[in-house]
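Several structures are given next for inspection.
One chain, chain A, links the two complexes that follow: it is found with chain B in the first and with chain C in the second.
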Partner chain A sequence: MEVWVRRMGVGKNGDSGLLPDDDFGLILGDGESGLLLAGGESRFTGFLPWQCIVYIWSLEGTAMENGGSWNLLDQAIGPLIEDPYASRSGGSVVLIEDCVETSGAFVLHHLIKRSISPLPPHSSPVLLILVSFARSFSHYDRILRKMGCNVVVQRDNKRFIFLDMRKLECPEAMSDGDGGDTFEGGLVDLYGKIQKAVEVSIVNGGSRSVVIMIDDISLLEVAAKGSSNHVLDFLHYCHTLKTDFGCSLAFLNHEDIYSSTERSNLILQMEYLADVVIKAEPLATGLAKDVHGQLTVMNKRNFDRWKKMSYFHFRVRENNVEYFYPGSRT
Partner chain B sequence: MAATKTRSSSFSRNISAASTPQIPGLKCGPNGTIFVSSGIPDLDKILGGGFPLGSLVMVMEDIEAPHHMLLLRNFMSQGLVHNQPLLYASPSREPRAFLGTLPSPVLSKDDKSRDHDLEQEKGLRIAWQYRKYLGENQQNFEGQRDGKPDYCNDFDLRKPLERHFLSNQRIDCFSLEGSPNLDPFRERCSTFLAQLPRYDGNLTSACRIAIQSFYAPQCEYSNTEWEMLSFVRSLKSMVQSSNAVAVLTFPPSLVSSSFSKRLQHLADTLLSVKAIPDEDKELANLLTGYNDMVGLLNVHKVAHFNTQVPVILEATTFSIKLKKRRSLVLECLNQAPIDGSSGTSYATTGSCSGSSKTGTLDF
Partner chain C sequence: MAELICRALRDGALDGEHAPALTIKDSIDSPFGPHVFNHVLAQLSANILAAKSQSQGLVLVASSQSPSFYFDLLKSRGNDVASFHKWLRVLDCYTDPLGWKVRLMACGSISSRSPEASNTVRLCTDVRNLDNLSLSIMELGRELVGQGKGRFSVAIDSASEMIRHASISSVAALLSNLRSHDQVSCAFWLLHSDLHDVRVTAALEYMSSMLGSIEPMNRPANVQRGNSENLSLFEQNSNKGKFHVRLKRRNGRVRLMNEEFCIEQSSIKFTAVSSEDGIISQGLVPKVQFNLQLSEKERIERAKVVLPFEHQGTGKPIEIYDGRQSLNESSTESTNSSSAEKVQTNQDPGKGEIIYFRDSDDEMPDSDEDPDDDLDI
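So, the complex of A and B:
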């Protein structure tokens, strides 16, 4: 656990710089979540060891590194794979939510491209596992090829694993009194496949960091015949891969399915687990030719290094997506 | 519109260079997709060519009116005219009887006269030396016309389809009523699709699946929503891996809204139809040609395969009209100009109410 201190937003002289002044709050954190011990005046001032009051927000380095080439979306998401400055090599959980009018699949394509395109030389290669319930391999292949990313080559290099789950049907429960084990057959097998791939990759030392993507969760629910408990179990298992191996996870889901009734457990838990929630919505003002919709990115990992909420418009093109702030395009 | 949009990127296929397939009823589209016609020329134009092979088209019904049947009938007839195998399923006890109500294609002679009518109606006189350009334009939309059968026909809704189209066909009918679950129908779909395996190299023909009123309450399985979703999902994956297009109509008001949303997400192309109330004076004032309209068609989603660029249409709502009471025409809505004396529809919308107040205050 690293200890770091930052001054609280309201100081005596009103500025909010990082260097401690005569008044500050103390936050203990592990780089991801901070625990506020004391905020405000001077309760801890006396016995704070000044040597440890060096705080470098772990995401800072990577942002500087990639600087100019990052677009608004990348800046809002922050590093996807891992942050080399953090004590843990933890991944992040990204949840993409879209609706019937605006598809959020392009964010997923962007993340695919970002995770398997070549990284700076010092970083280890990334393994991407894409679990698809919606589209065929050739669909992703054609799209990513236009974006300048060849997934076939990456698949041959064992850096990309495509699991086609379009025909997955979870078997019915054999007997109701027997517990749910037999019911879960399909999802248990699927998790086994993912886990094996992760373990092989990490034990063999081929790729240290793994990204798991699922397109999309609502179809996973259909495959599980609507048993959201089993879907949740599956997602929690996937989440253990994050804590155990530092995998990153990215899920696509459709928000409008859940918005009509009282919010279902599934979407609430997914939003809770997620570090970054990306919402794709149509423009509130209606249909437009040059603006395809708006993105709201909520990054829960950030205290203040980046803005927690980002909001911008986008326009999808064949080979890239343009992101811009509202009103900055004519 | 949609086609020109996708062509603007440097990475898309040059459509004019791509060889048109020799099989009648199929047309190459952008991004390696192949279209079949919906049976309504205007709808094909709106969707950028038609329904792409491997797509699942959903039509949301208006439960008070049978407008979805218009789309379904034309879709089925067009397939039969092109000799494409057809699987039709409906909740009625005797689905084959529905085939008798399919419309017949307008003969080419009539077709010409219709084009002539159109020109006259436009009230546009074109000098003879420009007439050939006009013809070229139409050629682009309606495909090859000389010798080969048309990609898309006009259908005469009053004339039933001729017998020979119905007799020498591989037409499969299935009644959704009576079976306790969807497994038999799933079996039927997979055997039907298995007769046409997908060869990417040499495409032989396409087949069509039409499912009418999938969620009708007379079906026994209609209370097991997850099973129906699971069926639609497996139908989608079956269709995706074969040369088929499936059109499925369902009444969205009969299912819970979250399931309706799930279905809408499953659709590649999503349309909805709505009837127009008979005596809606306000709407009649607002829209020109209101008396000819039989309904409204909404395009919610257009299939985009092998690309991430969404198709943005010029308009999403179209009026369904019957031209000369027989052929189906879709038109953009035209708002009538509102004259000062009778046009109260805008002034009453609340935001403008201030202006009337200033009139009474009389500063």
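So, the complex of A and C:
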């Protein structure tokens, strides 16, 4: 007997055609031990008893069995934590760019929720490290509570680490040995803290996947006394965590605070670094009551698997955000 | 053209000449420089392994990807891991470029992870010091080929990173030293051109005998995002692009070539650019579902069609007075034609005939002239 798994999204809730390849797989077995078929288009040939249970599950967060499904933003981003069975390249780098008219913070909140929401059984828990230069812990706690996610509990479970960096100031005039002054001392310590947390989590056998978020880069630059070079050094070191430990990174930055005539080096460097770039902008056609802005998602990963460009509108509500294609709402 | 570049790098340097150098240049609109770099790297390593190239080894300066990334890349192209130490050395400027990790390990903040025991990789913990970097490259190269006449190639995966940490003059000095070194067979590096001033890009281009620049297929006229037309352009550019190559010969001759490329799952594919005619006709004719143009066969057949109102001639020359011939000609012709008509009339008296004299090309009356001026009223 042959079983074909295609990207049809055959779920119990009747979803169809919406799930990306990588995020569901098929287990054949008796519920305890099973045979794993990779996601995407896979074929299984062999004996299939009638009593067997077929599980279709997603690798991250919203399991299809629970009736949850990915929204447009999730589909555009793809898996935040790379499929552990697929490659060793580790996680991905997500860059969120917003502007003063349209805040991109809601995308960050969405990613926080997605990272630490309960996972399907047998999957390794995710550790989220949030480095905040912008807001306090209680701010995130309040917002995520409304979204149905309790970060205090997750913090107690050691799945959420909050680094409050609002007071970070890089010490002045540290000599780097060549007589040049640098302000990077504070950033080195911050990097040390992050790597320590990752090491502790992975060595202790807790979380196998780690997501590091920075809110936001412009304030990190302020803390580094305006030296974008030191910010880039810091980001490079964070990137090495992706290679060494398979961490995923997500950064929020403001696009419009840099010179408009020539795009800033920092923004460009970050775009080179990123696997996924999400731009939050006001509606191009003007203001509308029902639409709060537009999102453009550019996905540079996995050339065949993911849609490279996605463009849709959003509306921020009290407890959640609605994403929809232009023209699909009247 | 990518083939040509790889051949030039394979053939290496002539005695007493600078080693050939390649700058691969991309921008954020078409950020596929790393793909092209990896392609060139894989081709060159295949040539080195097959002993087809002048160089016997390769020194790779890795600053934007980890050494393990390149090992995986070369492994995926069918190279044997066990043989890496014979021909490959990696100077690791990625893992700890500024010595932060060393500092943190020293004060016990992070655990000291022993780097993979390997004689292929050497860690560089201060990329700002380009003299040391240059020295390390040479030492690694000599480890591969010895002190003799053997040559090695140098690949730098991000000249942009180097320029970020050091001044352009010191980077230029490093590259220039590499090119003029007796033991260097060829060198190539990747540059993100939009991160630097034009003069910086130009300085590196001057120092390279080959330039491969990567450009998007189409540039959006209006940068405003969210425009559906632009969105489709971005989509088009997301896995394809143009590859312009400029080759400079020793005698100063410059050759320009164009190619297109397409990114596939794990590789990059170069294709010859479609012919100019194709581009022009595609450009002029609007895209419609039906065919607006005739093929050659259709054109010939159309020329054969006899229109019903045309004078058929019935085997005789067609003679119609068009009013423009000279008087003498017209008089002789008119007699001819009248005789012909007479013959015709004689042959077939039952048929009527219309004889039409076409008006001569009268001049149009001037606007201020009275057309009835000659009338005697």
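Throughout what follows, the second predicted complex is superposed on the first by the 247 of 330 C-alpha atoms of A that agree within 3 Å, B and C clash if a C-alpha of one lies under 4 Å from a C-alpha of the other, contacts with A are read in each partner's own complex, and residues count from 1 in each chain.
Rule of thumb we're sticking to: a contact is a pair of C-beta atoms (placed from the backbone, for glycine too) under 8 Å apart; a residue touches a chain by one contact, two chains touch by 3 or more.
Not measured: the values here are computed from a predicted model.
K.L.:
Based on the superposed arrangement, let me know which partner A:V152 touches: chain B (first), chain C (second), both, or neither?
P.N.:
After superposition on chain A, A:V152 lies in contact with neither partner.
K.L.:
Tell me which partner A:H236 touches in the superposition: chain B (first), chain C (second), both or neither.
P.N.:
In the superposition, A:H236 touches chain C alone.
K.L.:
Answer with first, second, both or neither: which of chain B and chain C does A:K308 touch in the superposed model?
P.N.:
second
K.L.:
For A:A197, select first, second, both or neither according to whether it touches chain B, chain C, the two together, or no partner.
P.N.:
neither
K.L.:
According to the stated criteria, A:V188 is in contact with first (chain B), second (chain C), both, or neither; which is it?
P.N.:
Once the two structures are laid over each other on A, A:V188 reaches chain C alone.
K.L.:
Taking the two structures together, which residues of chain A meet both chain B and chain C?
P.N.:
None.
K.L.:
So in the complex, which bits of chain A are touching chain B?
P.N.:
Residues of chain A touching chain B: 100-103, 105-106, 109, 136, 138-139, 142-143, 146, 166-167, 169, 218-219, 222-223, 225-226, 254, 256-258, 260-261, 287-289, 292, 316-319, 321.
K.L.:
Which residues of chain B touch chain A in their complex?
P.N.:
6, 9-12, 31-32, 225-227, 229-230, 233-234, 237, 240-241, 256-258, 261-262, 264-266, 270, 300-301, 305-310, 312-313, 316
K.L.:
Where on chain A does chain C make contact in their complex?
P.N.:
So the residues of chain A in touch with chain C come to 88-89, 178, 184, 188-189, 191-193, 195-196, 199, 203, 229, 232-233, 236-237, 240, 243-244, 263, 265, 268-269, 271-272, 279, 281, 284, 294, 296, 298, 300, 302-304, 308-309, 311.
K.L.:
Show me the residue ranges of chain C that touch chain A in the complex, using the header's touch definition.
P.N.:
28, 31, 65-66, 68-69, 72, 94-98, 100-101, 103-104, 109-111, 113, 128, 164, 192, 194-195, 224-228, 231, 234-235, 238-239, 263-265
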